[in-house]
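Chains here go by letter, A, B, C and D, matching the order in which they are written, and residues are numbered from 1 within each.
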């Protein structure tokens, strides 16, 4: 079960959906909004998602984890909209008979979420500036290229 | 913070103790009581701890994780007494700036807990039999050795 | 017969484009319908980058056509929905 | 002076032993005080295994003396607290 949520993630409900008397291990990951990123002081952030594709891709990542690691269950919710410091940006829960596969699957899911899910993060800093994470340095690299005449 | 608990583990309170605006990743492990172990149907189980040493050893494991992986925080609670299917036998929570170290530290802690903590598990099966896990096969191996005359 | 069956001389077509993140900011809107003769997603991005001054080079983007990840040389059809995907930052 | 300062000819001493798990079951109690001349933890386990019919071989156990993991050849002193640790099964 992969979901996007505009509001606070309620972990107890999500976790209840994974309860399973055959599962001996439950591994969970949460991404928390930190007050600092790359030494800049973060005030708040905003996630924007390409929802239709994000839902498809998220479900696909969970299926891949299921197939690769033979886990019992997996679920993931990613927040969208405006988030404050300390809020949960993403929650993942994995159940399995044994712990090794549960750890590996949970890690696989967050790694893939981070590289494949069409979701973007805009950070607003305490100095009033803001920017889309990962978009700036690329844009900047290109500006530099243009300045030195690289096409 | 390492604890033993005779009663249900309240995760929300434990997790609250780890909240940290500098932490971007929270990884958690729970060991759940399964209805089956080694193809035998489990009815319930009992954990017995050598408390003084278990508390020392548990705290030591958490300190080791802190030193090795540079995590922000770690906590663990292990149940003692009688547990039913689906109950949480052990809970571990780890926070860190980044996720890789959080996963590795969490896995380190549960691996060490399983091999070093002086805690024993007695399973009672649906057929009415029961036994201390890991003690039987050793005892049995020795009986066999005695039968064939190995000292 | 080829000419009468919907293959005009100009391959001018209507494409729905959705914008996200920095592209949305740079375009100042989140979607629009573009009349274009671009044959592929790649050609369409070149055209729009030029027209709207997008900062990101194509090699930093992915593209989705009709809500599936697609190759840049995917031929575009009338009424396709195209989304250019800036470097993601989920999690 | 050596003789009068608490070093008897027989090294008979009093040791507190706590039992857990299968040892507790096989002994039928969770602790007791043992009078023994065993010089080390290893000698004490041999003695008790023989006396109470413990099933576990010493090489499957660990031992703690005064609530710290200890080596089997640790010399035992009067009033030491010894715990033999069967294979653990936490988590």
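Here, a contact is a pair of C-beta atoms (placed from the backbone, for glycine too) under 8 Å apart; a residue touches a chain by one contact, two chains touch by 3 or more.
Note that the coordinates shown come from a computational prediction; the quantities given were computed from them, not determined experimentally.
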By the touch rule set out at the top, what is the minimum number of steps from subunit B to subunit C?
2
When the C-alpha atoms of subunit A and subunit C are each averaged to a single point, how far apart are the two points in Å?
26
Using the average of all C-alpha atoms in each chain as its centre, how far is it in Å between subunit A and subunit D?
53
Specify, in ascending order, the residues of subunit B that touch 2 or more different other chains.
31, 110
Residue numbers of subunit D (touch at least two other chains)
none
Among all the chains shown, which pairs meet the touch rule set out at the top?
A-B, A-C, B-D
Name, in rising order, each residue of subunit C that touches subunit A in their complex.
18, 20-22, 24-25, 55-57, 60, 64, 67-69, 83, 85-91
Subunit B contact footprint on subunit A (complex, rising order)
19-36, 85-86, 95, 97, 99, 102-103, 106-107, 110
Parts of subunit A lying in touch with subunit C, wherever the complex brings them together:
31, 47-50, 52-54, 56-57, 78, 89-90, 110, 113-122, 132-135, 138-139, 142-143
